[in-house]
Amino acid sequence: MALDKNGIAQRIAQELRDGWYVNLGIGIPTLVANYIPEGIEVEFQSENGVLGMGPFPFEGEEDADLINAGKQTITTMKGASFFDSATSFAMIRGQHVQLTVLGAMEVSENGDIANWKIPGKMVKGMGGAMDLVASADNIIVAMMHSNRAGVSKLLKACSLPLTGVGCVKKVVTDLAVLEIKTGAFHLLERAPGVSVEEIQAKTEGTLIVNGIIPEMSF
Amino acid sequence: MALDKNGIAQRIAQELRDGWYVNLGIGIPTLVANYIPEGIEVEFQSENGVLGMGPFPFEGEEDADLINAGKQTITTMKGASFFDSATSFAMIRGQHVQLTVLGAMEVSENGDIANWKIPGKMVKGMGGAMDLVASADNIIVAMMHSNRAGVSKLLKACSLPLTGVGCVKKVVTDLAVLEIKTGAFHLLERAPGVSVEEIQAKTEGTLIVNGIIPEMSF
Amino acid sequence: MNKVVNTVSEAVHGIKDNMTLMLGGFGLCGIPENSIAELVRKGISGLTCISNNAGVDDFGLGLLLQKKQIKKMISSYVGENDEFERQMLSGELEVDLIPQGSLAERCRAGGAGIPAFYTPAGFGTEVAEGKEVREFNGKPHILEHALHADYAIVKAWKGDTEGNLVFKATARNFNPMMAMAGKITIAEVEELVPAGTLKPNEIHTPGIFVQRIFQGARFEKRIEQRTTRTK
Amino acid sequence: MNKVVNTVSEAVHGIKDNMTLMLGGFGLCGIPENSIAELVRKGISGLTCISNNAGVDDFGLGLLLQKKQIKKMISSYVGENDEFERQMLSGELEVDLIPQGSLAERCRAGGAGIPAFYTPAGFGTEVAEGKEVREFNGKPHILEHALHADYAIVKAWKGDTEGNLVFKATARNFNPMMAMAGKITIAEVEELVPAGTLKPNEIHTPGIFVQRIFQGARFEKRIEQRTTRTK
C-alpha cells in the first residue's frame, strides 16, 4: 500500500545520522521532525535564522517573533541560536548543514529538480530552495510519486523551470526509495505491498531495478 | 616654525565635522582624538572591531580584551559596539566611515600612497591600510614633510611599493596643508612662520601655489 | 551621535516617488509596520521594493500593493498574496525573483563595498540567464551583484539613541544586512533606550549603519501561520 | 549535540605536519593560547598558518616560529616580531601578506560557500599582481578567492557544550569568520557552560560552525601595548 505523507516522512527519518544539522522544507519534510530515531540527536536549521528548532508552541505561547521558514510559530530547544539571513545562508552555502529535505513538483533522472514556478499559472518564488539545492551535498526529495492528475513526477527531463541541476541524490515517494546516479533512478526499496511493476509504470524516467527490491521496514 | 606631531594632529582635527565616524591610523593620527573641536561630536572606529573608542584606561584598569588597531589598551564611550573583523571592514569598504587619517612614507602628486614596505629592509605588512585607502572617499595623510634623511616625502612618483593609487586627497605635514588634485600638490596653508619657499624647496612633486597662502590658525 | 527622530513622518521624510527601498522582515515577522503604514498614508508611488516577501493582502507590503504604490518587487518568495499574483500575472507589477541566500548576500555586499561575488545558487536556472558563469573547484557558479537602496527601513526590538540595534529571535532575518545597504537607514524599534543601555557586546547592528531611529507607536506583530500543539 | 573534548591534546588531535591552520586573534588579543602551546609541545611542523598577525617573539604564534614549525604565514601585519622578520628576509619562511579586510572577507567567504568576490583593496599594488581586475561603477576592483583551513582554532570568552560561542570586546576580531572556514573548528573558551545557559539572541558564533570545544586550562592574556593615562 502506498505510504501517506507521514509514512514518507518516517522513512526519510531513517536517513538521519547522529550529530547532523538538518534543514527541512515546507510540507512533507516538516513532518520528518516527528520521527527522529531513538538514540539519535539532530538539530534543525530553518533558513529564516534559527538553529535548534523545537516543536510547535502550546496554544497561548506563540511568539510572533519566533517562526520557521514556513512562517509557522515554533519553539526552540536548549542550545538554540538566532542569526541573520546572510549567516543562515552562509551555513547552507558553506555546507555546514548535513542534510536537506525538500519537496518537488518534478525530479529528473539526472537529478534536476523543479519546485518553484508553473509558467503563466503560479509563481510563488524559489525562496531558499535554489541556495539549498545548489549547495547541499546531501539532498533528499520528499514527494508523491505522481501528481494529482496521475502523471509521474519522476521524469526523463523536467518540464517546469528548474530549481537546480544535477543535485538530487535520493527521492522518497509514497511508493519507493530511489537513488539517482548514472543518469537514472535506481530503485532501492518499495513501499509495503507496492510492486516493482507499479513503480515501473508510474516512473517516466529511466528506472533501474537491480536484483530483488526489499520492502521498506519501519 | 614647523609643527610637531601634536601640531599636525591639532590641524587635522579642524577637518572633523559633527556626526562623522572616523578611523585614525597608528602614530600621529591617533593624536587627533586629543583635539576634537568644541561642539562637535565624532565617533572613532578601530578596524580590529570597535566603534566608540574612548581614551586610554587609567592604570590598573587595562583590559587585555579591549585594544585598538595599534594593540594599545583602550576604553569605550557610551553607545560603543563591538563586532568582528569582517563587519569592521564592511564599514570601511562600504564607505560608512566618513574620514580616514593615516600616516605614510611617501605620497605622490597624483594621490598614490606608500606606507607598508621597504623592499629588502622592512616588511611589516599593510594591515588594514590598503582597504582603508581603496575604500574611503575622504583620506587625510598625516606625516612629516621630509624623512629623517631630509628627503621629501611628497613626490612626483612613489619609489616604494604602493598601498593605494590615486586615493589621497589631502596631506597635512609639519610644514603645510596640501590638497591633491589635477596631478599636483596644491598648497592651502603654511605652518606658522614657515615660508612658501621652504615648502617649495622641500616638495619634490609638483607644487601649485595660487595667490597668497595663509598661515594655519589654531 | 543622536539619531533619534520623533515621529514616523520625520523618519520617512525624503522618500519620494520612484525611489528604491529595502524593507526588512521575513513574512510578517520583523517588518517595519509603522513606516509601511506611513508610506501608504503619504501615497508615495512608483516604488521599487527589495524585501524577501511581499506581505499578505491586508498587512505588510500588501498594503502598498493594494494601493498600487509599488512598481517593482525584488523578492525571493511572494506566495502568500493573491493581489500580488494578480498584478504580476497581469503585468502591472514588475517582479525580480532572487534566491533567498543570494538576496541576503547581495544586500550585505551592497553594505560592505563588495560589488559582486560568485555563488552556486541558481546555476542552470532562469536566475542565471544573462549572468556570467565561472567554475571554481570544478563547480559552476554565477556572478551576482550588490544591491543598494535609497532608503533601507528596518525593524528592531531595542535600539538606542545612537542607532545601535538589537533584534529578537527570528525577527532579525534580513534587517541587519539591509541596514548596511541603505544610503539612509531608518530603524523603527519597539523600545528606544538611552545610549549606554545596550551592552556593546550584544549589539547586532552598530549605529554607524543607522541614520534615523524612532520608537514605533504601535506594533501589531501579526502572526501569519499560527501553529500550535495540544498539551 | 555535545562538542566537548576534555583536554587540549584531544582538541588538537588530528592536526598533522604540513596542514593549513587558521588561528583567531588580533595581535595577542583573542588568540587560542592553550592550543598554540600544545602545537609547540607536539612539535607539529611545516604548518601554513592563516592569522592576522604572527604573535611576538615569545608569545602567540611567535612560539611556533621560534621552533621553526611554520612553513608559511598568511597575514596582514607582522610588524611586532624580530624572529619573523629574520626568517622572512632570509627566505626560511614563506609569507603571503593580504590586506586585513580582504583577509577577513576571504575567511568569511570560505565559510559561507562564496568561492570569490571583488574588492577595491590592493588595486594597483603588489597585492593585485596576477589577479583579475574588473571595473564596477567606474572603479577598479580585484578578484579575491575564499580561504579554507584543515583546522580553524579560535578563542572565545564563553562557550556552551553545543559549541555556541560568545566573544568579549575586541577579542572577537577574526575568530567568528575563521570558525566558519575550518573543516574542523576547535574552540577554546575561558568558561564552558551547559547548553541553554547562553541566550540564543546573544550568541556570536552558532555551534554549527564548531566541532570541538574545551575550557582552556590557563589564559595569560598578555597585553602587547599597555597604554594608560594618568588620573
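Each chain carries a letter (A, B, C and D) given by its place in the written order, and its residues are counted from 1.
What we mean here is this: a residue touches a chain if its C-beta (ideal position, glycine included) is under 8 Å from a C-beta of that chain, and two chains touch if they have at least 3 such contacts.
The structure presented is a predicted model; accordingly, all values stated were derived computationally and were not measured.
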| item | value |
| --- | --- |
| Interface with more contacting C-beta pairs, comparing B-C to A-C | A-C |
| Inter-chain centre distance, chain B versus chain C - centres from mean C-alpha coordinates, in Å | 36 |
| Averaged-CA centre spacing for the pair chain B and chain A, given as whole angstrom | 55 |
| Whole-Å separation of chain centres (CA-atom averages), chain B against chain D | 28 |
| Set of chain C residues in contact with two or more other chains | 105, 108, 112-114, 119-120, 167-169, 200-201 |
| Multi-chain contact sites of chain A, meaning residues that touch two or more partners | 50, 82-83, 86, 89, 92-93, 135 |
| Pairwise chain contacts, counting only pairs that touch as defined | A-C, A-D, B-C, B-D, C-D |
| Of chain C, residues touching chain A in the complex | 26-30, 52, 75-80, 85, 88-89, 95, 97, 99-105, 107-108, 119-127, 157, 167-177, 204, 221-231 |
| Contacting residues of chain C [partner chain B, same complex] | 1, 108, 110-114, 160-162, 164, 180, 195-196, 200-201, 203, 206-209 |
| Parts of chain A lying in touch with chain D, wherever the complex brings them together | 19, 21, 41, 43, 45, 50-52, 76, 78-83, 86-87, 89-97, 135 |
| In the complex, chain C residues that touch chain D | 105, 109, 112-120, 136-137, 139, 141, 145, 166-169, 200-202 |
| Chain A - residues contacting chain C, complex | 46-50, 55-59, 61-74, 82-86, 88-89, 92-93, 112, 117, 120, 122-131, 134-135, 161-166 |
